[in-house]
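Got a structure here, written out as structure tokens. Questions coming.
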Amino acid sequence: MSSDLYREFFKLLHRKVSWFAPLLVLFMMLAMGLSEGKSQPQLLIMTNFASSQVILLALVIVASSIFSMEFQNKAILNVLYRSPNKFQVFFSKLIVIFIYNVALHLITILVTVILSLTPLIDKVSWTSVYQHHQSLLLNMFATVGIDLITSTFIISIIFMISCMINSNAVVVTVNMIIIFMGAYVSYNFLLQNNHNLSGILKWNPFNMVNLTQQYYNNAMASDTKLSIEQLIIATFLYTILFLFAGYAIFRKKRF
Amino acid sequence: MVKVNNINVFMGKKHIIKNVSFQVKPGEIVGIIGPNGAGKTTIMKTILGLLKFTGKVSVADRNVTEDNHRALSKVGALIENPAIYPFLTGLQNLELYTEDKNSMKTVVKQLKMQNYIKSRAKNYSLGMKQKLGIAMALLNNPNFVILDEPMNGLDIESTILVRKLIKHYAEQGTSFLISSHILSELQKIMTRIVIINEGNLIINKNIDDFKNINHSRYKLLTNNQKESQKLLQEKGMLESQSNKYLLVNEKNIFSIQNLLYKNKIQLLELAPQQIDFEQLVVRSLNKKAEEDEI
Amino acid sequence: MKFSLQQEFYKFNHQKISFYGLIILLILMIYSAFSNKTSTDTIIQNFGAGQWLTIIVITISSTFLSMEYTNNTILTLFYKRPNKFVIYFSKLFVLVIYSAISLVLSVFVTFILKELIVGGQYHWSDLVSALFLNVLGTFIYLMFIITLALLLISVFKNNAVVVGLGLFNSFLGASLSSAIMSDFPGSISLLKWNPFNMIYIMNQLSFPKDFIKISYLSNLQIIIANIFYIVLFGLLGYSMFKKRRV
């Protein structure tokens, strides 16, 4: 296991795209700071400069090729026979991406602290009570925590789809559509009309993409029709389900 | 070292490997030969636990299954194209799998790759990639090495180098399973030949035995070929003809000489038929096909 | 050149992804038709065909060039073709034709969907000219997307990055552009030319009154700016493609 992990880290850290993605996050954070810095400084800090979505974008770009790259150049054959079993291959890739995800979140915290010291945004007190009757500082950490759940959920989808589809481009497109349009599709198509089935349809996986947003914007609850606790539990369960499905597909796959 | 026992592989409903069994002993170099699509690569993948199969594969008396590769810790392999990450240097590609750095340096030196090993693999030529793939297979002093078409894209110098290296490793007890379509290449190194056709194992023989079975024919030239042909046919001793020669079985050569002498025909030439290795293999494949038709 | 084009069309037609693209377009249009109340606006917007096509065309364009590198067939192209210009522009041309065909198809589907859903409620004579302006705007923007995708693939050489960035532009580019312009009202005269702003051409031609306020560009300006970017991306992309080592 440790050698599988070591190899995955080695490969991840040597790919340019792993270093390019954080730059993208940084750029988007700056852009958000430029546009909202004077109007909603507290919200910006709580959400780490609205980095949730761009982190998902970064994860899609980096994680979707972690499988397809090896499927394409057949390196997967080498990886598989050198590893005790397929589970370890799948699991070490998952751990590596999960740690990458945590690292991205840590970077956004660091960048948020640095940017808050610059004139880019108005001065705010970190200890003053903001949302959920908690200090801004706690708000920020809680948002990161919640966003880790949301992004792990997205990772499980990315893994499942990349094991299903070999084409890198299609994997990226499908995931981007889920991230950027999932919430919209869920609301617009399934929940908006308040029909009899909403009670069941509100549990559809697309609805879970809203988790982070609902935490910092309570008004979302009327769209998702779920409480934050319900969202967390459902997201968690879907994550496990998709990971199992992804692994099952990976196991069955021929190389 | 390696035991393959009665394996079957299905791809969907297609039966691609049919009841194949063979063994590789320590230090043996087994050549696996067959036409394109015969199932050579599939057999290799099966031994590496990359496919679902029935039957038994064991390496050093430990079983390999699709979901347990622990027996493969001392196995190296090069399958299809070398599995190389283009964004890493050659050395980094090796580092990924190496257990001790000295073995890595040795392999690089043995394959004479020092000049380019530190540049990125995406700029490598086909031959350089192939050598890197072979190097990856030879890492960590393996007990058993699988090489699928190892001479692909190598220049003559490298081919000789790789051939010597394989022999060198075999002398120290490493077993090899090598496939190739260039028979002459394998002929020089293999100690056992396995011929595969349409998923069936046709021949599994020590290389010397294999050469012998087909050496039992003699070619015959006399001063009166027509008459000799008639005579031999009557006695049922003529096997076939090739150009001006009549082909006969080794066990009959003395009675044939007597027969010719009695009929006053002079013997001009009687010698073992020289055929090259390639013909032997083609003949084995054809023979099998004919038998199937009957 | 003619031969080149034939070959590109042949490959394109045999790649499943181009066919799937059309199927997905159809499904998404039907989805748009039934998830919202149909009004004259949705009909004019081709039941959302424009926004869906940007997504589809990015994916297809990026794959259509990058697959030659993945399969190493780019080498064959290079030595079989007279020059790199022919290769690049054959690809570009095939993709532009694909966009045009998809658009024609989407108009056809719009006609059917309109009849099915609202019947004779709205008169075609009121809609047709706006609808065709919308199609024209979308077509120009799709060329923008194609040249951008080919440029990005020549720069990043990574399909995932290109599709990711391209989709990011489609989903968030417009709001990013608007946000930046509203924050620096003093510099709008300059910022309105930013590439993220170009996406408004899809709707501006048929709804000029609403969209001029958002894009700050007149119809003529936004067309010229789009064409400028198309030419710029095309030339930049070609020069990067030419330089790229195979």
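Note that the chains are named A, B and C in the order they appear, and that numbering of residues resets to 1 at the start of each chain.
Convention: contacts are C-beta pairs under 8 Å (C-beta built on N, C-alpha and C of every residue); 3 or more make two chains touch, one makes a residue touch a chain.
Heads up on the chains, UniProt names are A = ABC transporter permease; B = ABC transporter ATP-binding protein; C = Membrane protein.
Because the structure is a prediction, the values reported are computed rather than measured.
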Legend entry - chain C and chain A - chains in contact with each: none
Legend entry - Most centrally placed chain - per-chain CA mean versus overall CA mean: A
Legend entry - Most widely separated chain from chain A, with each centre as the mean of CA atoms: B
Inset, instruction - With chain centres taken as the means of their Cα atoms, state the distance from chain A to chain C in Å. - result: 27
Inset, instruction - List the centre-to-centre spacing of chain A and chain B in whole Å, with centres computed as mean CA coordinates. - result: 50
Legend entry - Distance from chain C to chain B - Cα centre to Cα centre, in angstrom: 54
Legend entry - chain A partner contacts - residues on chain C that touch it in the complex: 17, 31, 35-36, 55, 58-59, 62-63, 66, 70, 158-164, 167-168, 171-172, 176, 179-180, 182-183
Legend entry - chain C-touching residues of chain A, taken from the complex the two chains share: 17, 20, 31, 34-36, 53, 57, 60-62, 64-65, 68, 72, 167-173, 176-177, 180-181, 188-189, 192
Legend entry - Residue numbers on chain B that touch chain A, as the complex places them: 11, 45, 48-51, 66-70, 72, 75, 77, 79-81, 83-88, 92, 95-97, 136
Legend entry - Parts of chain A lying in touch with chain B, wherever the complex brings them together: 7, 10-11, 14-16, 73-87, 251, 254-255
